[in-house]
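Below you'll find the structure I mean.
Naming follows writing order (A, B, C and D), and every chain is counted from residue 1.
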Amino acid sequence: MDLRISPFASPSPAAAPFEIVERKGLGHPDTICDELAEELGRALSAFYLERFGRILHHNVDKGLLWGGAARPAFGGGEITAPIELFIAGRATAEAQGVTVPVDALALETTRRWLREHLPALDAERHVTVHTLIRPSSPDLVDLFMRRREDEAALANDTSYGVGYAPLDDLERAVLAIERRLNAPETKRAHPEIGTDVKVMGTRQGGALGVTVACALVGRHVADLADYFAKKARIAELALAAAREASALPVELQVNAADGATAESVYLTVTGTSAEAGDDGQVGRGNRVNGLITPYRPMSLEAAAGKNPVSHVGKLYNIAAGRIAQALVAEFAGVIEAYCVLASRIGQPVDAPAFIDLKVRTAEPREFEALRPRIEERVREELRSIGSLWRRVIAGEFRVC
Amino acid sequence: MDLRISPFASPSPAAAPFEIVERKGLGHPDTICDELAEELGRALSAFYLERFGRILHHNVDKGLLWGGAARPAFGGGEITAPIELFIAGRATAEAQGVTVPVDALALETTRRWLREHLPALDAERHVTVHTLIRPSSPDLVDLFMRRREDEAALANDTSYGVGYAPLDDLERAVLAIERRLNAPETKRAHPEIGTDVKVMGTRQGGALGVTVACALVGRHVADLADYFAKKARIAELALAAAREASALPVELQVNAADGATAESVYLTVTGTSAEAGDDGQVGRGNRVNGLITPYRPMSLEAAAGKNPVSHVGKLYNIAAGRIAQALVAEFAGVIEAYCVLASRIGQPVDAPAFIDLKVRTAEPREFEALRPRIEERVREELRSIGSLWRRVIAGEFRVC
Amino acid sequence: MDLRISPFASPSPAAAPFEIVERKGLGHPDTICDELAEELGRALSAFYLERFGRILHHNVDKGLLWGGAARPAFGGGEITAPIELFIAGRATAEAQGVTVPVDALALETTRRWLREHLPALDAERHVTVHTLIRPSSPDLVDLFMRRREDEAALANDTSYGVGYAPLDDLERAVLAIERRLNAPETKRAHPEIGTDVKVMGTRQGGALGVTVACALVGRHVADLADYFAKKARIAELALAAAREASALPVELQVNAADGATAESVYLTVTGTSAEAGDDGQVGRGNRVNGLITPYRPMSLEAAAGKNPVSHVGKLYNIAAGRIAQALVAEFAGVIEAYCVLASRIGQPVDAPAFIDLKVRTAEPREFEALRPRIEERVREELRSIGSLWRRVIAGEFRVC
Amino acid sequence: MDLRISPFASPSPAAAPFEIVERKGLGHPDTICDELAEELGRALSAFYLERFGRILHHNVDKGLLWGGAARPAFGGGEITAPIELFIAGRATAEAQGVTVPVDALALETTRRWLREHLPALDAERHVTVHTLIRPSSPDLVDLFMRRREDEAALANDTSYGVGYAPLDDLERAVLAIERRLNAPETKRAHPEIGTDVKVMGTRQGGALGVTVACALVGRHVADLADYFAKKARIAELALAAAREASALPVELQVNAADGATAESVYLTVTGTSAEAGDDGQVGRGNRVNGLITPYRPMSLEAAAGKNPVSHVGKLYNIAAGRIAQALVAEFAGVIEAYCVLASRIGQPVDAPAFIDLKVRTAEPREFEALRPRIEERVREELRSIGSLWRRVIAGEFRVC
């Protein structure tokens, strides 16, 4: 294993003149796909664990949301063609004579998630679900059945994961705004706020600029005047969240493309653009830290729906983020960290092919003094990587 | 209009040496398709009536049930691939600026019907629904919008309907057996009796022979011995029902193909063979009188899901049955009646192209005396045919 | 086996005052479904025969054609949404370690049939095919593998088939008209004649009335005047065919619902209403003799796509027709015959549960003299019923 | 417009101790999806241009490839379940009374592309295509119809694009290897080389490590020995390509996970893992420069299938790459350039919200001297951005 720890001397993205950060909120079509894929992955894992004492092979990381058609209206509106969800992948469908109800689990977790997270959507009337999950090949089923409990699994591919810490001002602000608008308590007080909240943030010099696209739910908006009043309230909520997250000045706009007529504002029946304009897919939205950050290193790997035992494309993205976060949190001198973990197919997941760690210290000369402790800490994280999947399945880490 | 009433001189099917009658019960894949198509047709009609004050064009008389895959077991069992329902047709999707939520209605009525009628099936986990309903053409929408309330609609096709009365011994017995086994009170007392009850009856001379194929629900059957005990009880229930319906001797078998092992008996998870072995379609099962009667005149028209205003293939099958029943019920001398109604495309539905009525009187010589009253009665029924759709929508007539 | 042969004393439908007969032509959505199901059944049978030396279990008798959307126009027109075909059923997908390419066979035979039989349709651009065929259960695969070559298969169900001979005037006329309009030589001379030809015939007394609904292909029709000219030519062709088939007077109409404008005539892009208005299903159209005959005994069984070895619902419909035809053809005194064959599940197909044969002789008193020879002839047919499937697979019998 | 040009002082990824670069080749499931989406986008654009003189609204950037099931074998093999393609999005389906055959174009371009690019796949037997494309909203259709020919379109979103130049050694090597293995002349000489070639490259210090996963086509491989011989030849071809692209030492492995038995080597029927193991989606693979480069700035935007007129997420990724390439190509002193273009929704696409350009000069002190010429060159590129779509549609730029 090649572990290289180097000082990070380049300017931080947070210090550069420009920066762009984006988050697709809970009800965005791409996020819906990610959440449903991960939810199914966790349900399968729970089933496998209970029946077989171990996670069996599965990979349900593909999915398509085909947007419906709708007639939104103040005070109500109608869905005229349902959203169609296609959930695809492979999963162990039988082992040791036990049948795994893969499709039933998919249908059930999908409807439950939709009911619990998209309150303005009627999961029964507005959504059709298609399951496209083939049985895993017998070879893969055997491979997983033979694995010893106390061993790290073997990497399923030559792949990699990336992570960094800490989040900078823009990142914190973007994340905070979406979380505030989609918080259950916000929804209770403001049922007019849809779940499809997309936050696009830029920083030019020391000023943040944030554009929020936020679907409003027609049932809870009386008319155009009410729409604009409620939009103003959304801007206030978003601004307050941004200000708690960052001290930098913020300029914020909600639904920048709105016109002055009922037809040209962002009104929906269900709170998500999936009802009409937009399709979605797994893996096209937020990375495992909840953000899209073109100025930071990113992996294109879709983590959602993959098995967390041997799928290094998922496991290493989570682990790399954890390593970076641990260093920043635990070493007072470390102010920024980037981590890349690369696997070699067939090697144990706790023995990456290489680790590329870049660390910025508050005082450049401190770096060498910290290096041995950093290395020790990284090795400790690696030792636990073979059991990280337990925490993934428990829902401790979000993946989108 | 050519109304011909003739004495029916041929021997009745009930008097012939052989006879065959069949009924596909409520949970049979073909019947499920019929019921769901009709349920959707009625839901659409109700919506149209409420919003537009009239029935608008629709024809949702096609549908496919793609059977799933299952692992039945005593005490439980599992569905390993869901049943997939494809509901197809045309329906007015917009009129006078009002959008009709066709797909949402289809999804909702389907799931509701499944929940209410197939108790052992989990409509959420075990069924996927695909809606394949295109908007009706603007011409057809206009045609229906222009119709005056008090006018009979124009026939949509050159078609026909057939009906007869009364049911004979074999027909009554077959119908009674299925209804008894699928009665709510039977299901409460015997939750092990599945809804997929297929009754095949034959008469050879004066003896009835009935074969009942009846799915048992694994969750409510402990083991093989229990299966046979419960099957014996089903045979008793069926026999009792047959005896109430007919005085002829009955020989009855339940699940004639059963073997002596757990694998070779008719056990299911959900009470219907749709879970695994069998697909279904609209219009492939019972005729509008609830039976399949190869020795009687039959129309191949699928009534389920058709609009009852102008679709003569549906309307005339219902009307022809009503005419035959009325004559038998109301004229003491009439002991058997057959009615064929034929339409001409574009003519009012209350003016058939011809009516072919055959009537058997207890005393042949009575026929001529009865003819004028019969004719009067038939004309009376015809006058009400233009508003028969109201009673169809109200659910007064079953179509399968 | 209960073989009962009785004299048929009732008046023949051909002698009754009214009669209705219908045929859905080659390009009708229901007939397309039937033809494709049967074509796939034959392709599977051929594959099984070649690889395994026997027919293996299959039953592909369900299918749905979801009509597309089109903009027909004189001189051309466009398909704006493709026709979608869903082909459903069960088929042996593996035996003796050999994989059967079920889906590939389905896709290939479907496209080939469409190309060969519906010339105005572009099978690649205008049609989407979905295969919904699950593997046969291992039990059924075994059952078919164990069957001895020289044995009759065992009936798969308690079912029946019906047949009669000869065709009467109306039946011959209806059949002849559709065959003429869809004959390859007609299509070469008149490419404007679509394949979706529906013929509805009635007889009132001694006069035939025929309504032909015949799609015209826009590409080969210049304008409205040309449409009416070509429609007149179609009427001539149809009338000529009817007159060759029957000496009775015929009144014939083509596209009775046509209006006087381009929008209100029966113009299509592809020659079939499947492109826009109409959906179709397997088993909803013609019976195995090519006709729908409400005045004759009919079975509702869909023959298309079923295996012809053990599926008595198919086999007995074909065999019953053959028996009736043989008696009429071979015995000068027999002028009409009806045959019903009923099976008992699990019994050899060449030993029906009963045979109900009704025979009309030119001279009633001849009946008894003919009875022994008729019985002998029927037994001969029964002996060959176990190998009838070879001729079905060879395409010798049509099923729709 | 905020145009900021700054010297790029950080070390280049090419100079860092580690680097990772990946390319998913032509027959990889994700690339197939991208190519088909882009192909359809171009076909729609061509249709719109020809009929309407302008590009109309469309966005077909979603798609799912559901992998099939296969039995690969030396000398042949079989597909047992077809690949199913779901092509989703929105497209103008009608304008000025002209119907756009959206589905027919989708079916046709899909099958043609598959035939032309995946020679070992039988597009007719092995693939089912589902089109899920809804009509664009009338508002969007109008917006596009009203645009003046000589004007830049308005940005459809607040989004961004990123690009850089030049490719470094590892990037050139990875790209060259895939292109060599998928070159038509390679395929002619080596029909055994599948199209599903995935190249994962790493650089550790000054040495390149490349893992090639390359499907072999069973029909052209005689046995296990032949497989290994052909695999060795593939390694030679790949190595030669890498050496032409870079002078750095290369260690290369083909199909690293191969075992020693016929079951454990990478054999396929069709040359792509889509036949069995793997699903794919639009936008999950290569970025517009053909690579996945976690150490470089990347956008997550899927360019394939988007309209190139107003969809800044596509347009700016292409334009940013062109700007970076132009600077490196045209200014001798510029050795590396990064460009980020950000839009503001509703602003003309040739007036980005900001441009963040980082330029490394061979001599740091040259930077200020070059700045005015660089700025001039960037402004020139921006002026042409409004007509860049013509070259996109002409196929001049690849997007995956």
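One rule holds in what follows: contacts are C-beta pairs under 8 Å (C-beta built on N, C-alpha and C of every residue); 3 or more make two chains touch, one makes a residue touch a chain.
The shown structure was predicted, so the numbers you read here are calculated from the model rather than taken from an experiment.
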Inset, instruction - Among all other chains, pick the one whose mean CA position is farthest from the mean CA position of chain A. - result: C
Inset, instruction - With chain centres taken as the means of their Cα atoms, state the distance from chain A to chain D in Å. - result: 24
Inset, instruction - Could you put a whole-Å number on the gap between the CA centroids of chain B and chain D? - result: 55
Inset, instruction - Give, as an integer number of Å, the spacing between the C-alpha centres of chain D and chain C. - result: 50
Inset, instruction - Check each residue of chain C and list the ones that touch at least two other chains. - result: 81
Inset, instruction - Make each chain a node and each touching pair an edge, then name the shape: line, ring, star, complete, other. - result: ring
Legend entry - Touching chain combinations (by label order): A-B, A-D, B-C, C-D
Legend entry - chain B-facing residues of chain A, complex: 68, 71, 78-82, 93, 99-104, 107-108, 111, 122, 124-131
Inset, instruction - Note which residues of chain C are touching chain B in the complex, please. - result: 2, 4, 6, 9-11, 16-18, 20, 62-64, 66-67, 69, 81, 84, 86, 88-90, 132, 134, 137, 139, 158-160, 162, 200, 202, 204, 211, 256-257, 263-264, 276-277, 279-285, 292, 294-295, 297-300, 302, 340, 342, 344-346, 353-354, 356
